[in-house]
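Report on one structure; see the data block that follows.
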Amino acid sequence: METSAILILAIPLLMFLFLGLAGKYLPHKWAGILGTCGMGVTMVLAYTVAFEYFFSGNSFFINEAGDRLQHVVFNHDWLNFYDKLTIRLGFLLDPISAMMLVVITTISFMVHLYSNGYMRDHHGVWETGFQRFYAFLSLFSFSMLGLVVATNIFQMYIFWELVGASSYLLIGFYYTKPSAVSASKKAFIVTRFADLGFLIGILVLSFYVGLYSEGNITDAFTFTSLTSVPVDGLTDTFSVSEGTAQVIRDLFQNSAAPMFMGASVLTWALVLIFMGGMGKSAMMPLHIWLPDAMEGPTPVSALIHAATMVVAGVYLVARLFPLYLMAPAALDIITVVGAITALYAAMVACAQIDIKRVLAFSTISQIAFMMVSLGVTRLDHSVALGHEVHEGLGYMASMFHLFTHAMFKALLFLGAGALIHAIGSNDYTAMHGLRKYMPITHITFLIGCLAIAGIIPFAGFFSKDEILTACFGHSTVWAIWMAVVAGLTAFYMFRLYFLIFWWKEHKVHDEHHAPHDQPWTMTLPLVILAVVSIFAGFVPFGSLVTWNGHPITGSGFLTNLENLNWSVAALSLIIAIVGIMVAMKMYKKENELPAKMRNALPRLWDWCHHRFYWDELYMFITHRIIFGLVCRPIAWFDRHIIDGTMDAFAAVTNKVSYAIRGFQSGNVHMYVWCYLAGAVLLAVITMICVL
Amino acid sequence: MLFDNILIYFVLIPMLMLAGVALCRNIKQIRAVAVVGSTALIALSVYLVADFLKAPVETAVDGMYHYSSWKWFTAQGLNINLTVGVDGVSVAMLLLSSIILFTGSFASWTIAQPKAFFLWLILLSIGVFGFFITIDLFAMFMFYEVALIPMYLLIGVWGSGNKNYSAMKLTLMLMGGSAFLMLGLIGIYYHSSADGHYTWNLLEIARNNAISTGWQYFLFPMTFVGFGVLGAMFPFHTWSPDGHASAPTAVSMLHAGVLMKLGGYGCFRVAMYLMPEAANDLAWIFLILTGISVVYGAFSACVQTDLKYINAYSSVSHCGLVLFAILMLNTTAMTGAVMQMLSHGLMTALFFALIGMIYGRTHTRDITKMGGMMKIMPYLAVCYVIAGMASLGLPGLSGFVAEMTIFVGSFQQGMADYLAGGGSLRLVFTIIACCSIVITAVYILRVVGKLLFGPVQDKHHLELTDATWWERLSTATLIVCVAAIGCFPNFFEHLIRGTFNPELFRAIAMNF
Amino acid sequence: MDYSQFLFMKQEIALLVVFLLVFFYDTFASKKALNALSGITCVLFGIYTVASFLPCVTGANATAFSGMYETSPIIAMIKNVLNVGVLIVLIQSVNWANNESTSVRRGEFYELLLVTLFGMYLMISARHFLLFIIGLESASLPLAAMVAFDKKRYESHEASIKYILTAVFSSAILMMGLSFVYGLSGSLYFSQVGGAIAAASSPMLICALAFVIAGVGFKLSLVPFHLWTADVYQGAPTPVTSYLSVISKGSAAFAFLVIMVQCFSAVYAQAWEWMLYALIILTITVGNLFAIRQRNMKRFLAFSSVSQAGYIMLGIIAMNAMGLAAMVYYILVYVFSNLAAFGVIQAIENNTGKVDMDDYRGLSKTNPKLSFAMMLAMFSLAGIPPFAGFFSKFFIFTSAINQGSIAIYVLVLIALINTIISLYYYLLVVKAMYISDEKPAIETFKSSFTDRLGLIVTVAGIILLGVVSVVYNHILTLAEHSSLF
Amino acid sequence: MELNALYYLIPSLIMFACGVYGFITRRNMIAMLISLELMLNSVDMNFVVFNRFLFPNQMEGMFFTLFAIAIAAAETALAIAIVVNVYRANNDIDVRDICKMKF
Amino acid sequence: MESLGSIISYVVIALAIVICSILAVTTRKILRAATYLLFALFATAAVYFKLDYEFLGGVQIAVYAGGIVVLVVFAILLTPHPGDNSERLASRSRRLGLLAGLAAFAAGAYSLVTRCELLAKAPEMSNPDMDTIGTALLGTGNGQYLLPFEAVSVLLLACIIGGVVVARKR
């Protein structure tokens, strides 16, 4: 087990180092194959580990009551700050990390495979920096894997930064393109800003825990120490416990300064940590980097900006979920942020032209779903539309949605990549009516759309349904709000689908080849992911991934169907279908309706199209305020005031030197006079002072 | 005997190099001497590290290993000895210095007038090494000044741009700092003992603990500002941008990489170590100044267009963080400060080396006139990105571990202060300092984006070549070191932490 | 009538013997043999210099002539320091003395030089104001003649008239001061004056002090009694300038210390501590401020020496052996540093006739060794380690702070800040020689053997005097055992 | 009326002040030397008066005056030599014209 | 109580000193200045005689009045236009000179006046005889001046050499 765990992290890292250092000397093809194979091996290993975790029944992983446990596979000291503050690098195996291992390696492998085809043009000429691309992919995979298996919050922060950096490198892959460069810069800086909050949150949390804790809480960074209790008789094995979180809450409350500006410090810490999650997961108002990040190669968007990295924020909250439970205010904030983001992103997605942008906003919206789902989770029993809701259902739903979303969103992105690769443009205006030319792409894309729209039995249906159920269990307002967003989701996805594949017939210019399906390296991942998207909904998540490891459903294949809250399901299905219908009505055939709609609500369209002018606002803040009102004045101040003062000393010295030169007049009378004056003054002044 | 002590060789080897270079006839011989000498120094410092790690604690005198003292100016009334000794921090600094000297030699492979250049460079390094091995105030001060003055000629003769002005300004400002320093040191001497047996020996002064609080209030600012000028503390940092901009590559490397560390090192080794009460009571003044340095330097760097200016302001920010952390009077933060010294030393040397190499090819340092270097000189560009990543604190490279150690330590101290009713200054400034990680990202990425990425601005640049082997060697060495610190921080932390043991470092003990 | 007391004055007598030998050789030797005069003088004086380091010469503490004359190892030491300086000056002046226009008068040059040195010995050893005045006059009057040595240069005449007029005025003021001292104490013996001047200060005492300080300050060129310095240094022949700047100043500083310590120590804190502070600050600052603008090297060094005098004065503040030792050591180092600078100036002046800083541009390209020596001299004067100047400055500051008051810290701080200004102008010279890109104004030339010898000695001194601690330790030990305090 | 020391000292001081005045105002260098003689002479007189009135039992003041006269003679002789020399070189004895070197 | 003759002689001498001094520095004719100097020196010598330092008075007349003034007169004759008027002084220069003279006088006078011993009665006068003077000049004991005597000879020699150097044409 430990070997596999180490290898899962080591293979991508070594691949990165090898491809990064020696890639230049490798043939392109071999670099691709090597990278893909490496990732394949990692995937297999990850599968075995996950499988072993979930299904082996080993007492390290599951106790007699059927609760899934947390197991620390290895944990090495990396940097010691204080007794209770030590950064360790380790490998924590628990339901969500095992699930994430599967997600990451799967998508990553698909992307590796896919890129073999995508990263060269129609004539088979390799993209410049192909090896570099694979190196960066490996780096990203390594970082992401490290992030999810982190045993402590600081390890998570470390890999958090690393995924940010690899994301930066990959977004800026086409570095000669100014837009790509600025997009990568933006992505990095915005997430960096969010990480600042994360960091301060960690510092606050760890300070209080480190200072006041005793007993089981042996380390203020380690997750197992913050949220779990050790399992008797087993080393390195823990079980998630509300009790520990309560101890920590009490510890904050009993500390010398429990409150800060009206909220408890624990809430502050958790909100700040959530701020890091907001950055990575592109929650409002820190979402602006994600649409721009589409400047990167499409496989990268699929891997990083759809399936894995962007859900890190959700993962982070899930990781510390027992603590969040202790600070309902923080959860409320998460809910509000998530809900607003979800609606916003959905609205904006309706008015985008660039298909990758649509997908990007869709991603934002879906991640917001996951956030809301976490935010509405409480441990008290509640009722949704007449049915009882399991405690912690939202958590499970969120993770479930994370899983399914990763699959179908990756599918959609890869499909979009195939389209872009075939057409050579990102805009749907250049596509239209491609269904006949690219059948595989068409079908798989449709599956993806159905999945995201939440049509039974596709994956998205189940997860989204659970989310809505959880919302209803908490608050009807948010539930309806989210249901509307779900409808919008169906609408904009099918708008996109129809605009790409229907609308009007595709015209092929004589000199061009007709667009066609891509080589197998690209279609195979599409097919695989499509299949997964169809069936992923049936994975019995309730028995696999719950907030405290205690299963809430059975583990059969149809469990999810059986446990469906049919009233909510019906509602969501209806909404989704309505959305699809509207989209079909508007976009299946070329017609005037969309234009009319646009003209009817020009303001709304403008705002949505321009993403509510967030970019402009940020531009204003950064360029006008930060650069214009802070940096430049400081630089000016430095040059002219601070440095000017130093120069002024020199200038004054020179001036004085010039001013007093008259004493040295060359006239002996003057010399003698000065001499005498000096002597007499010396005497007189001393007399005055002394006597 | 003098030569029984291994530390003496840190000064002796450069002296031999000095003699060797003086005897050389052509540039090849000079290079050979420089490389052999600096390699020997690296070997020596590596040996010292290994030796240090396994040396039994009993062999240390107040935490100082290889302690020896020789009489120097010891007639009545002036008890000057040449006392040497190292602890973890000095060992780390010696290692850093020798690495930078080594890489600096390669970076100045094709310098004009090599003989004179290397003579001054080696003289400078004598000062640096001497400063780090001695623990006698007089000897420290002497070596400190020895390290300063060669800068004038190195910048003046081999520099570029407005070199006359810059060299003069740098020298005068640093000497201005050392004027305050000298007064502070002499003052310390005259209060080093209650019974009139004054001493310059750091350890004895600390042991005597005889400086009254009132005097500390006077002497502490003197010494701290004195060293702080070299540590580029706001508002005494303005020598740094001009000086670095005009200096030749190796000099920038050595100056930003090592010399500026003398400031931080001196601050805690002299000011804070010897005057704990004042360090505790007056820390707030300097915390404000250094806290300002941190963000101020970063903000200034955001709008510069000259590569060296950017890096110089970045150094202001990073070195400000060093002093800032030292003032936290907290074992972890101070450990972080030293790690930051190491990290910044290596990384900024790497930066300056790269800037020098790019400048040597393009003959401009204006980022608006360059672009797409990644295409033209991929090796250098990649190195630059790595340096940038280290600078903005990417995990796995040195900047991250240093900054995190500082932030964690400072925050702990700040919260502890706050909870103990000691005011929220430390806390607030810690958070302000934390903000620098964002600003750093802004200016680093701005440069990377403009300089390395994007389209090629000048067609003539397309004909430029990538790095030569000596340039590759120089930069690769630095990158390996940066990564080594970043990947194995525990090793360095272990090395350093002993110095800031509250039992040895009274200022820390008093702070708790 | 115990004439054997003359035997205590070994150095004075030996010097007079050298003087007489030179005098007779000059008077009676044939014209041809006269060409050897320079060499003979150097050798004779060299032998004397070396011999005077022997323990039997330096001897023990002793007073003679009922306390009118005092000698002790530290006094012998300061005389030796002066001897070394004079020897270097002699070596450096050989070239100049043998040129066409001066060779007719070189005998007189040596004689006057030796007599003034004798006068300085008297100043140092005198413990009676009459003897002191005679020493002072014999140290300064013949100098006027030496300043006027270059008959073909107008500046030399101007310098000599300025010098003699201010010198006699100053000696009148000094004697006025002494008359007041006599009026107060009824004696001119230092020891009796010191005993008679009680702690209480009266206007008369203050007046006397001010006049005495002004009179000796003239020799030291303390501001505001310094105004002659620049013109005289510039106008005088360069060997005379170097002699004036180091030897004359060094002896006056020591004599000043002796007078103040032995006669007026009782009223130190009440009366003249503040005078001294004010003068030191003024001297250092004004000297520096004037030096910044100078382009003529000799004038430049004149102002530099003014500010150096301020630093030397710091040695008096402590009023103890440490200060005395620091002062003697400072003078020693100053002798070497300044003479190295003057050595280069002379070598260049003799070969090219150029003395402007602007002419030094690019000197390092044509005459690297000369510029190197000049640079070391500048660094040493500025107090840069590892050169001797650093050590002397450090020690003199250390000794001054020994006094311990806050005021002295402020004073030293001002002095230290002034070192930055001084560093600036010293670096200007370095800049001209090394950094300036302009076409060198001075061709490559080969300097004579004596010039080189002088430079080698001084440069060796600059490098070794500091780091090799024996010298300072020795001086400090001697100072500890002196009976001055 | 008692003739005490002040009766002699004050005229002596007036003489000294005149010397100072003359030294500072006279442009003829020889006139300056004349002023100088007045100053020196006043000093001599001071010594003698102090010796006579305050310390009548010894002769220090008198001897100082004796030697001071010799010194004054030497000074004057040398100064006059230089003045004459300058005159020969310059054809001018106005001290205000001798100020080429300044600042 | 002083005798009347003493007082009268004092008044005459003091007046001579003051007037001659003032005239010596204010007259615009250089030769007259020399003459006034001579009278001032004579008046000083008279003071010495009056205070019973006859030897000193003699020396004063012989060396000072006789030697130095003659030297000065020679110098005047060697330099241009003897007896000519000097230029009228600029008022600024006169003010400066006056200020300096008065300051020196004030400082000196204040110091002297505040010293009360100076107001004491004049002691018995005793004229030191030649024996004592001769012994003191060549003795080595306390209050004896062999060393200054020898030293001043060196000084004079030096001044002779200096004078020769300066005066020599080449």
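Residue numbering begins at 1 within each chain, and the chains themselves are lettered A, B, C, D and E in the order written.
The rule is short, and it goes like this: contacts are C-beta pairs under 8 Å (C-beta built on N, C-alpha and C of every residue); 3 or more make two chains touch, one makes a residue touch a chain.
If you're wondering where the values come from, they're calculated on a predicted model, not measured in any experiment.
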Pair of chains joined by the greatest number of C-beta pairs in contact: D-E
Averaged-CA centre spacing for the pair chain D and chain A, given as whole angstrom: 97
Centre-of-Cα separation between chain D and chain C, whole angstrom: 27
Averaged-CA centre spacing for the pair chain C and chain A, given as whole angstrom: 78
Centroid distance [mean C-alpha coordinates] between chain E and chain A, Å: 103
Multi-partner residues of chain C (each touching 2 or more other chains): 130, 134, 137, 141, 144-145, 148, 151, 160-162, 165, 169, 176, 180, 183, 203, 206-207, 230-231, 293, 424
Chain E, residues touching no fewer than two other chains: 93, 96-97, 100, 104, 107-108, 110-112, 118, 143, 145, 148, 152, 155, 159, 162-163, 166
Residues of chain B touching at least two other chains: 172
Interchain contacts, given as pairs of chains that touch: A-B, A-C, A-D, A-E, B-C, C-D, C-E, D-E
Residues of chain E defined as touching chain C within the complex: 107-108, 110-112, 114-115, 118, 138-148, 151-152, 154-155, 157-159, 161-166, 168, 170
Footprint of chain A on chain E - complex, ascending: 93, 96-97, 100, 103-104, 107, 110-111
Chain A residues touching chain D - in the complex, by the definition given at the top: 661, 664-669, 672-673, 676
Complex interface listing, chain D residues touching chain E: 1-22, 24-28, 30-31, 33-35, 37-38, 41, 44-45, 48-49, 52-54, 56, 58-60, 62-63, 65-67, 69-78, 80-85, 87, 91, 93
Contact footprint of chain E on chain C as seen in their complex: 1-3, 5, 16, 64-69, 104-105, 108, 111-112, 115-116, 118-119, 122, 128, 130-131, 134-135, 137-138, 141-142, 144-146, 148-149, 151, 160, 176, 180, 183-184, 189, 202-204, 206-208
